[in-house]
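Residue numbering begins at 1 within each chain, and the chains themselves are lettered A, B and C in the order written.
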Amino acid sequence: MELYLITGFLGAGKTTLLRNFIRLFSQKRVYLIINEFGKAGIDGTLLQELDAAMAEINNGSIFCSCRLDQFEAVLHQVTEASPDVVLVEASGLSDPTNIQKILANPDFSGISYRGSICLIDACRFCRVVETARMCRKQVAVSSLALVNKIDLASEEQREEVKNLLLEINPGITIQETSFGNFLPEWLELVQPQPQPQLDEALASQDITLQKACVLFSAETTLTQLKGFLTLVGEETYRMKGFVQTTEGLYLVDCVSSAIQLSPYEETVSEEEVGKLVLLAGKGMQLRKSIKQAKAWYGEVIKEVQYGS
Amino acid sequence: MTGKEQLFATLRHEVTERASWVPFAGVHAGALIGADATQVLTDEDTLFKSLMEVNRLYRPDGQPVVFDLQLEAEILGCDLAWAKDGPPSVASHPLADTMTVPCKCKLPKPNQGRLPLVLSVMRRMKEAVGETTALYGLICGPFTLASHLRGNDLFMDMYDDEDYVNDLLAFCTECGKLMSDYFIEAGMDVIAVVDPLVSQISTSHFEDFLSGPYTELFDHIRSKGVFSSFFVCGDAARNIEAMCQTSPDSVSVDENVDIITAKAITDKYDVVIGGNIPLTSIMLHGTQQDNMKYAVDLLAQLPEYKNFILAPGCDMPYAVPVENTIGVAQAALETESVRKMVENYISDTFNIDVQLPDYEHLERPLVEVCTLDSATCAACTYMMGAAVAAKERFGTEIDMVEYKFTEKENIVRFKMMGVKSLPSIYINGQLKFSSVIPSSEELDAAIKEML
Amino acid sequence: MMSILNDISENLQRGKAKVVKELVQQAIDQGISAKEILEDGLLAGMSVVGEKFKNNEVFVPEVLVAARAMNMGTALLKPLLAGDGVESHGKVVLGTIKGDLHDIGKNLVKMMMEGKGLEVIDLGTDVAPEKYVEVAKNEGCQIIACSSLLTTTMGMMEDVVKAAEAAGIRDQVKIMVGGAPVTDEFCKKIGADKYTADAASAADAALELCEAMA
């Protein structure tokens, strides 16, 4: 049983990459472990179209090591099905070194760890790496850095990203791509890396990650929803969820202030509807901007929960 | 009765024969063995050795194992600025520009930061002196920890976003509970929650934000079967009553609080109060006489020894002269005899004719040991012991004599000799060793110089 | 007219920054001079807060929110003040001494001094003795104010006095010292000019010194 890890910061395009990546194993029995944020569990829903078994870790190890037990439980479940390939999409902010620690457990001796791919957003990487410590760890444990979205990036940005990646992990191989495309020959570039010696800055805690869950009423108009996303987007890494508006069900999937809203035709479980999960990090005024947005759209915001 | 039994009796609110004595020797412990503050707080053996020296010289009923309010903050991502003569300061606040409450999974674990070192020293101290000395485990209070994480904006948040402050304090309270558990597990007898910033807010803010967390914290500590203490610094007088209402077993205050007035309040709640020898003016810059006088004067104001612990105002400055603490220890342990010494020293009206030896024309070296009283003062016992051992080695080659401060005659003698601190050793009228006990090699070398 | 200035003062004392901002705008619209709004509204309110702080009636959080309200108000007034002939009452360079990172007390001093109409250059914490002097010299400050919260750093304040002497500006500046372990006796010992026990007294003293030097 082979296991691949796909890491990358929030919004780098991991879900899209996974869709392409999974095609490399079309002759094999693949099991996906999706470990993406919040109760919204969107990635799970979207990936149902792919013919692969899938386990989902909801509300799981988003930022933290606190729900590693969930990952472990799911991994047990997966090994019982004994697929040929296991693909783990590590959540965009989670610590990939934890996953390797779990694989060291003798229970999982049947799993051969094949390595980690780190997906990089060519336009945003240099900025997020400054504030989110996890970015560095994700690069440090990976043998292949796949720089995505180069169609949107300038020549200088691409150069800057490459230099930065090599600075963090001198041994890393870098490939560039767009739209999460993954060439078959890149697969051999994915190799297990020895556990990196993390310097002190990486070893200490990052307590600046923020999460909020905003509950919208079904009375929300599309204009109100857009207004909310515009007000708050700047102060987030990611906003994701399904919102029932007066104009129908919408999927919200935003990276920072780039607002992406699309009508959603498929069915979504009742408890997921109306829940928008927002993730932010150091220096972002998530609480303040939500408070401000509440002043404007208070009548359609039913509840705000903060957590991490 | 061991010191530990003495302190426990006080914490059980019993009347005792003398006041309990708890020297807060944090980084100062290092000064006893020539180690700097950073070494004390980062090197396990140095810390252990320093604390053992505190135990030996100051004869505490209870003593803190480490006094560093930055321990938790460091694990949670605050940068620290280290100093040679004081505990580290927090140099960055991770939540300064990020208003969030960390996930509980970020709470300190026993293998993080300096916790392995601290827990190990706690176990070693428990093993070494735990039978006779009560050990204090100090945790950073929720309000101070919240300010370490959030910075000064925390004060503003109290107006702008009360929910946030409550949530952040709840996190810091959880941290306190967890740290207490680690420390109790490592053998601590008393958990002291140290929250200097409590003096910077009004009573109504204390009640709004801190009464809940503190009550929870002290309930937790009580449920684990150990004693608790609430340490504040600064002028916290107005908040003493609200602090008592959170039900700690004891509180500790510094010189900014009139401890006798405060005791009237703590007595109402049957809470022990500790304090408050001034750290700078008396302990650091005063003489040994000042320290003994301050302590006996303070104790004299108590109708009985109940619900009271004699202690420095807070963490003692690194460079407090050893003899000053020895003086306070003696005042706590032998209050009556020290009271007499102080009275005699001040009155000085007695007319005793003391003849100093003719130091210039001695037949052989004269070792004079000046002590508070080698029978009762630990440091004096060791100093005297060193001299006795030297006398045995040198035999008739030298003369050796002890002068106890308890005798009026010696008060006059010490004034004539210019003795400033006790215990000390003079050889041929010259001060050779003061407060710190010399090794046999050091003492022999000093004697041989005079042979 | 008096009532709106009174309202500004009252709301400032309660830390109502938004209300203060609105009221200051209203006062401007009513044609009240910026100087009057500043002195009889904002500074009057801050002075009450300072007095209460000195008397242990209010504490750090209350002072911080009041100061924030004052800053909201003065921000509106700044562009108008230049034309109103309001001059600064004096210039102070302020900081916590080298080796010391405590800043709450120093920040309070700054707010109180600004509340007295003094211009304050805040050098932050961990400030080298020469730095105070260099800034005082270049900016023409009448006062150097140093804070220290540690017994281990207070000694460094003496170096500020020496640095001012070495730079030849000792007769042009007054050196103020403060902080928990600092005493009047210590101030005299190191040859500084003024010790005060709290932030409000520091502001009063600074204003007095500036006026005496004017």
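Simple rule for what comes next: contacts are C-beta pairs under 8 Å (C-beta built on N, C-alpha and C of every residue); 3 or more make two chains touch, one makes a residue touch a chain.
Predicted model, so just to flag it, every value in this text is computed and none were measured.
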Chain whose Cα mean lies nearest the overall Cα mean
B
Greatest centre-to-centre gap (Cα means) from chain C is with chain A
Report the inter-centroid distance (CA atoms only) between chain A and chain B in whole Å.
51
Find the geometric centre of each of chain B and chain C from their Cα atoms only, then give the gap between the two centres in Å, rounded to an integer.
36
Taking each chain's centre as the mean of its CA atoms, how far is chain A from chain C in angstrom?
49
Where chain A touches two or more other chains, by residue:
none
Multi-chain contacts in chain C, i.e. residues touching at least two other chains, fall at none
Spell out the residues on chain B that touch chain A in their complex, using ranges where they run on.
74-77, 94-95, 97-106, 112, 149, 161, 164, 167
The answer for chain B against chain C in the complex is residues 81, 83, 85-86, 89-91, 152, 155-156, 158-159, 200-202, 205, 234-235, 238, 279-281, 284, 317-319
If you look only at chain C, which of its residues touch chain B in the complex?
15, 56, 58-62, 64-65, 68, 99-104, 107, 126, 150-152, 180-181, 183
Which of the residues in chain A come into contact with chain B in the complex?
63-67, 204-210, 280-288, 291, 306-308
